[in-house]
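Both complexes below contain chain A, partnered by chain B and then by chain C.
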Partner chain A sequence: MSELLKIEKLNYSHSLKSILRDVDLTVDSGKIVGLLGENGAGKTTLMRLITGSAHGKGVITVAGASKIAERKSHVSFTEHLGGFSGGTKVGRIFDFYQAVYPDFNVARSNSLVDFLQIDKSLKLSAMSKGMKEKLIIALTLSRQADLYLLDEPFGGIDSMSRKKIINSILKWKPEDSTMIISDHYVTEIASILDEIIVVKDKTINCHKQADEIREDNDMGIEEFYESLYEGGDQDD
Partner chain B sequence: MKFDDKVPIYYQIKEYLYHQIVTGTLQPGEKLPSVRQLAIDVTANVNTVQRALTEMLSEEIIESQRGKGNFVTTDVEGIKQLHNKLVKEQLTLVYQQLHALNLSDDEILSEMKSYMESRDGQHE
Partner chain C sequence: MTSFGNLFKSFFKSRFRDMNFLLMINLIAIVVSIIVTAFQGGMSNSVPLAVTLGWSPIATLIAFIRLSITQELTYTRDSYRLIPISDTKFYLANLAASFVSYLYVVVAEAVFYLISAIPNWSEYMDTLNTMSMINGRASFDAPNAIMGSLAIFCLMIAIIVLAWTTINLIHLASRSASNFLPSTGRKIMNVVIYVVVIWLVLRVVGFAMDQLRNSVNMLINANYTANFALNIVVFLVVAAVEAAVSIYLMNNWVETISE
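This part shows the complex of A and B:
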């Protein structure tokens, strides 16, 4: 187990408004980590800072690389399929990924497409929310990366799709890689998490082992997470 | 597998596998699924499954054969002891709870007896 992601003294502001401040974080390789926090707490921003699509002050290192161009090659993050128009066929998106990313693994991609029953002939605009989330998982995991970021993959999808997504994570996440999954509701993924990180009051409020929480506090992860908000003063 | 979120997951996986071993679902000498397959079967991550297996190895209920995987021990006596231990754990729980309801030992015995008789009646 080695240090995979290291964030030091990260500060980020947008339009003069401070979004994240004094973030320090270290995550080891081979982990599945839950990134928790309320809507608007800065979870997506933190992911965009890690990939380098947002720029803050401070140092972010992934697998030893801190320069954005190098760091990007270690991170697999599919941000809401934003770059593709509704008329794009799903197969074209896979072709694009294969062309752009040298670490695209065709065999694994095909297995994922089979397992998640993704229809490559569909247009993006014809896909349901659940299908889109499955597509995002398949694209993200088709790359052989060191760090995978999933931004709220379970928002508004049915329980069968959720199970499939969770199983594909367990099946295809490379053993030494780390995956960070953001969510504002933790119960559905609690059993697969090694650790949790809570973003609250513009910074990392808490970073703990999941089984340690259960062992030391005699409470579930959701309960523990909620307890962080009890009696706390609201910032804005 | 349905987990109780209040109890460490590695512990629940261990209990689940022990249950399979003492009831014979997993036979002495039988090969366990791979760590990743177990992780998928129970919906937990590989590190958590590995932690459960490491404890089972140190408790000598499973054995690891290099390059081949993990196997249930062929030491039937050890499995018997595990079975006794699990039975005792359950009995302790029931005993403590009934005691907490102010039942004496004699009352626990007679309550248990009449409970079992009423169950038998339901089954037939």
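This part shows the complex of A and C:
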């Protein structure tokens, strides 16, 4: 297991407002990490800084690459398809991904399309929110990346499908890659997490192993997470 | 990393589809207009070209606006900006894809002109000969006219490139500035930008129209060629400087729209 993601002294402000301050973080390869925090805590911003979609001050290194263009080749992020018009057919989006991402894995993509029951002949505008979320998950996981950033990926998905996807995450994640998932359904993803990172007060408030929380604190991940907001356990 | 060629092809593919749709609508409009004119009893040999000349500026203007919107959207959406490629190659692939798509529309329109001119070809040649004689030549000088047309074409291309690099620069500069301004400041800045853009557009259009007016002389007089070449070079140098500043902004300040 090696160091995959390293963030040093990261600061980010937007519209004269400080969003993240003095963020230091190291994540190893081969992990599934839960990125937790309240709405507006800066989880999405942190992911956008890692992908290079936002520009902060500090150093971010992914798989040894710190230049934005190189970093992008190691990161697969759940982007919300805002660049495609409603009339774009799903099949065309897959073709586009295949053409522009050298690490796009066609076999994996086909398996994901079958598993998530995605109809490639549909237009984007004809898809429900849940179907669109499934499409985003399929596109993100179709790449053979070192780091997957899933930003609230299960938002509009029904509970049955959500559980099905969460339970199959291990199947889709390449062994050496790391997956960072930000989600509000903490209980549902808790069972697959190796670590949790909590963003609070504009910085990384807590970075712990999931087993450590269960054994040392004798509580579930959701319970532990909630305790941070009740003025409870705030070590690390 | 993604290669320039792959990115260009992907950008071009979707824009090519867009432009084909636009040309199809253009063609339908031309055919319908000709049929309507025929039913109204106003049909003559000159009607096809007149109708084509009427619809063509609208089609090319819509193509320009459509490509400009697509281009600007590409700079600020994660769907494109997450692609692992340097900002320089990204910028150039985006600009080149729009440029080639527009060129395709212009060539298609030229083909429409030629086809619609066929029914009245001899009369148009007579008109050109008369124009040449008025300017002191024995007859219409085809090689000179081709050179002149090529020069106008090059000037038009240079104006298009400059227009896009200017739009890019204004858009990317305003996106960069918005990182540092509170929401009220952003609104004021947008108003200032709109005023500057309108002023700039009027100036550029005025200058371009002057050049195009002069270009009519080039069809019959080769002396204008040198001035034209100089104007094209100046346009392209300004475009290159604007492109360099835009790439710098993309590299350091421009953020995608958070969805």
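Convention: the second predicted complex is superposed on the first by the 226 of 236 C-alpha atoms of A that agree within 3 Å, B and C clash if a C-alpha of one lies under 4 Å from a C-alpha of the other, contacts with A are read in each partner's own complex, and residues count from 1 in each chain.
Criterion: a residue touches a chain if its C-beta (ideal position, glycine included) is under 8 Å from a C-beta of that chain, and two chains touch if they have at least 3 such contacts.
This is a predicted model, so every value here is computed, not measured.
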| item | value |
| --- | --- |
| Partner with the higher number of touched chain A residues, chain C or chain B | C |
| Contacts of A:L170 with chain B and chain C, given as first, second, both or neither | first |
| Partner chain(s) touched by A:P102 [first = chain B, second = chain C, both, neither] | second |
| Chain B versus chain C as contact partner of A:R48, first or second or both or neither | second |
| Which superposed partner A:S191 touches (first chain B, second chain C, both, neither) | first |
| Touched partner set for A:A210, first chain B, second chain C, both or neither | first |
| Chain B versus chain C as contact partner of A:L25, first or second or both or neither | neither |
| Which of chain B and chain C A:I221 touches, first, second, both or neither | first |
| Residue ranges of chain C touching chain A (in the complex, touch as defined) | 1-2, 6-7, 9-10, 14, 73-74, 77-87, 178-183, 186, 251-253, 255-259 |
| Contact set on chain B toward chain A in their complex | 3, 5-10, 36, 39-40, 43-48, 51 |
| Chain A - residues contacting chain C, complex | 14-16, 44-45, 48, 51-55, 68-70, 72-73, 75, 77, 79-84, 92, 96, 99-102 |
| Chain A residues within the chain B interface of the complex | 30-32, 166-167, 170-171, 175, 187, 190-194, 210-211, 214-215, 218-223 |
